[in-house]
């Protein structure tokens, strides 16, 4: 279990990184935290010809408040930094809540927010969290900067809207409407394992408790994070009665076509999706 | 041998371990830590196919690859290529048909399981060796694989070993009394089919071998992660045509064994020493985790069709069991596992009539050899489940039905009239089961759970269940072990023995056994194990036997040295043998502490450099002793558990776990409890987390720690332990084995507690391991 | 591994059927196929590179055979792929039905997968199988326009 | 095949400086064990699950099998060999006293995981300890005496 040979580059700037990426073409791969890539390389499932180590790009690190509110998090910010950020805890408690669910501390010490989001593992927690937070992803390529709303970012299994020569630079999390409530639920085989199913939920109730907006995203049930659109729409205008919660959970589960694996059948995943969606909605009930 | 004075003893003390310091600081030597100048590194090309004809391998590209020193396929081994030995021939059972097919160094004409080694590559680094492995072209014509135990005997199943007319490796019947006659008059006959699937031993350290050939000295040195260095040494000497004394096998610190590290000879064990001699350079192979899922032996797949006959009071009239046992692609271990299952099924119970028949079958899966428990858990699972079902049919309390069937304390020695895996009759040496049951019931709060807790949980809508099971474990089997005890001139004591250690604390428990009689502390005793240059005789560490067999040898050798000490001291102090006492590292005359001499000085006196000694005097304060029991000892125990199920998510939480255990005399309670904790954790793994999942192509679907789930600290509960002590009459110290005990009854307990938690609306649990996925099916139907 | 799914082509059944007999279009159905040639014996042989998420550049020698041809209703693909990371062997039963002037493909692929991809990639096999077949058929559909 | 690329790296390990020329693909775990001969760091799975290879990188616990040696360039590493001074570290002592190890293979990784854990959580409860330990696999102990050892170590370090 030793990785195959590769050429190694450690650019000193994002521009250099993008140049290397465009030159490397199909055989080039970006190394962020490496906590998903390196295992794949040790198994020799991944055999990039050129590995571009983003470890020196401090310009991609850090968490700051945006002038219009909301947060801007550098793509190379580690899970640990996010987990411990007082800013994150204040602005987006959901993001803080989900961090301990991601693998283990030793992995979170290396793993990066951008790496996880760009890797687009269907069982990863962060894509679903970003989806309910309506995050905006900032990417840079040879033709400069562009922003991608999260709903356009995930286009398939391990596939994002990023061009082969683009790299993710930052994640922008828009301000969350006052009074919004959020929750994250997950079932995994063991503490820190890939989720069998997980769900992230945000609801925005008005002053008398009726729901103005709801976002529900499920993970490990499809090709990427899955927005439960029918359930979300169904909740708008209603209060979170037991009945409303049951209906939303049922709709969320019905609309899934979950994958099969040795740990969970599609039926089991659909069942868990309903249970966890209901539990999450119970928790955000005012 | 008469001994005098009161013999001190450290037996029963939780002495902290002598081996810890090296392990805690990173100084302990493991096989992969061996670095030799000019050392080469080995990787293997392994089969992607479970079954097929090996037509052709193209090695040209690999051989041409920069940094590659040598590439070998089966044909390159010449006459050295030979199937491994049949390690355990079948015991002399009357009705026993047996066919042996053992593993080969490198696949020649056929591949018989995924991961079977086909080509060995030797290169300057493991990285390069793996690069070259990817350059080897292997051409295999696939054959239909035998992927299941039942499929092995199905009509038209492909024959894995074509010299045989079927995939049946053995057919064995053992019988006691007349089951059919007894069952005819039974009030209840409970018949079910039980299944247990495969698991991996998964020690944290994978296997590894370093071999070094000293051309000048004509000496071969092999560092091997084996549980049996001496038999490996003997076998290698034979295979390589070397004198045994010119082959040194060192099993240094071993990162866990759990059974498969006693398997011999693994292909790599045969090939590395040969390659070192061919190339005249040291070679190293360290199994990686992915390889370990194919190249290291596995266990546990069995299917039982069993029936229990009881009278109206739930007393056992007899048991009938017919089972299939999977041995994988080869069967070097003979019948050890199925005979363990067959014998352990009887448990602590009086079973007047027993019919037991099994078929061992070849499949296209990795070879099966014992893994912690070695078939015992299957027997316990079948018997305990049958008793649970009988209890519910009869409306008897689950603890009560066990109590009613226990062998009484005066029934020992108890002969079950069948043969055990050690070729000796299955005779229980001693036992006293009810006190253990009572203790466990009290600790788990059996009655209180039923009267108060259960209703309370139900009121909260929680699904919580309780379970209790009994088991016996045949341990401490022969043939023998030996030990040499030496007092050095610095007063320290040195013990050398043949059994290696994989974490069982031998450095400490053996030290305790020796320190007592010699009046020193365990910390004054250096134990040396696992090096054939240090001790020449022995078998290995397996079958929960180390403490029993080697432990008694250590103690006997210490007593012999004690006699020499007293004789030498008597002469030195001009005192009478009977007046002497040994304490605190010296010998003194009773009531005259100033008339004393240290053990170190006595050691010098016993090995004079000049002058005369009495004719016939043996030099030094040293003695060697051997111990071989007449047959195995019988440990026993009761486990109880309280388990909560989250019906919505099909996940579990173990709220309480209680173990009451009887392993005879306990040398070091701390170490014994540690062994039990580890065993229970392993059992929990085999009950809910660990399953090797093969598809219909006999392809393993979870050959990584991502998908093969070892229990973690959040999955294993706090385990409450207590001891009952029924010494064994079969050895002077009264010790029984403990290494595997923790793992044996867990699956049966798990099933019982789970059924209890889920209540009648869910089907019976007759299969292990479970998983949330299976639990979901159980709860919601397929 | 079993993949059962459907795909709606915006082309006639005849067009789809005959299209899938041609190496160029058949190649599209197998994403990552770099070349696919029709041999005399009616089999197709070529090379494909599978690249999904962590698995990059998994190169397979592929062979495809179309049997039980019932024009323009159904046929069976016998597929084989072999590479450093393992192998794929199996069959895909394909049925074509008219849906107005469009064509619905109902397919059921039963694939045996071996080697490293199977033993460490199991979590993703099902998703990858589904995704690749749909991706391939989309590409075919585009070709047929 | 032409000569593979090599990269010069340097940094600190257990308080002393290292300089080396490595192939980019060399895993940090192999670099420590075989190039620097710091064999106390063990390798159990090489895919980041078992935790046996855990070391400290600038004071944080990381899987050394999920890093390339080149990524440690200019960084400060601590392995189990660097844990004890003249005397054993209190965590090591606690493991000895509480029988927190059996075969000892997983132990160095567990010790290195615990150093930052106890630094950040001087008085952890059992659940916190078990969750922290769930990042390291142990086949021998059933974790019970490891949990006890952590509680003992925390007590020693608070005193």
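First chain written, first letter: the chains are A, B, C and D, and each begins at residue 1.
Please note the rule applied: a residue touches a chain if its C-beta (ideal position, glycine included) is under 8 Å from a C-beta of that chain, and two chains touch if they have at least 3 such contacts.
All values reported here derive from a predicted model rather than from experimental measurement.
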| item | value |
| --- | --- |
| Chains most often in contact, by C-beta pairs | B-D |
| Rounded Å distance between chain B and chain C, as computed from the means of their C-alpha atoms | 48 |
| Centre-of-Cα separation between chain D and chain B, whole angstrom | 29 |
| Separation of chain A from chain B, taking each centre as the mean of its C-alpha atoms, in whole Å | 45 |
| Overlap residues in chain C, where contacts from two or more other chains coincide | 84, 116, 120, 122-123 |
| For chain D, residues contacting two or more additional chains | 23, 25, 46-47, 131, 134-135 |
| Residues of chain A touching at least two other chains | 1-5, 39, 43-44, 190-192, 194, 262-263 |
| Contact pairs between chains, per stated definition | A-B, A-C, A-D, B-C, B-D |
| Chain B residues touching chain C - in the complex, by the definition given at the top | 48-50, 114, 134, 142, 290, 293, 693, 695-697, 699-704, 706-707 |
| Chain B partner contacts - residues on chain A that touch it in the complex | 1-5, 39, 43-44, 187, 189-194, 196, 262-265, 267-268, 271-272, 275-276 |
| Interface residues, chain C side, partner chain B - complex | 1, 84, 86-87, 89, 112-116, 118-120, 122-123 |
| Interfacial residue positions of chain A with respect to chain C in the complex | 27, 29, 36-37, 39-40, 43-48, 119-123, 156-159, 194, 222-223, 259-263 |
| Residue ranges of chain A touching chain D (in the complex, touch as defined) | 1-8, 10, 31, 34-35, 38-39, 41-43, 51, 53, 55, 80, 104-107, 109-110, 190-192 |
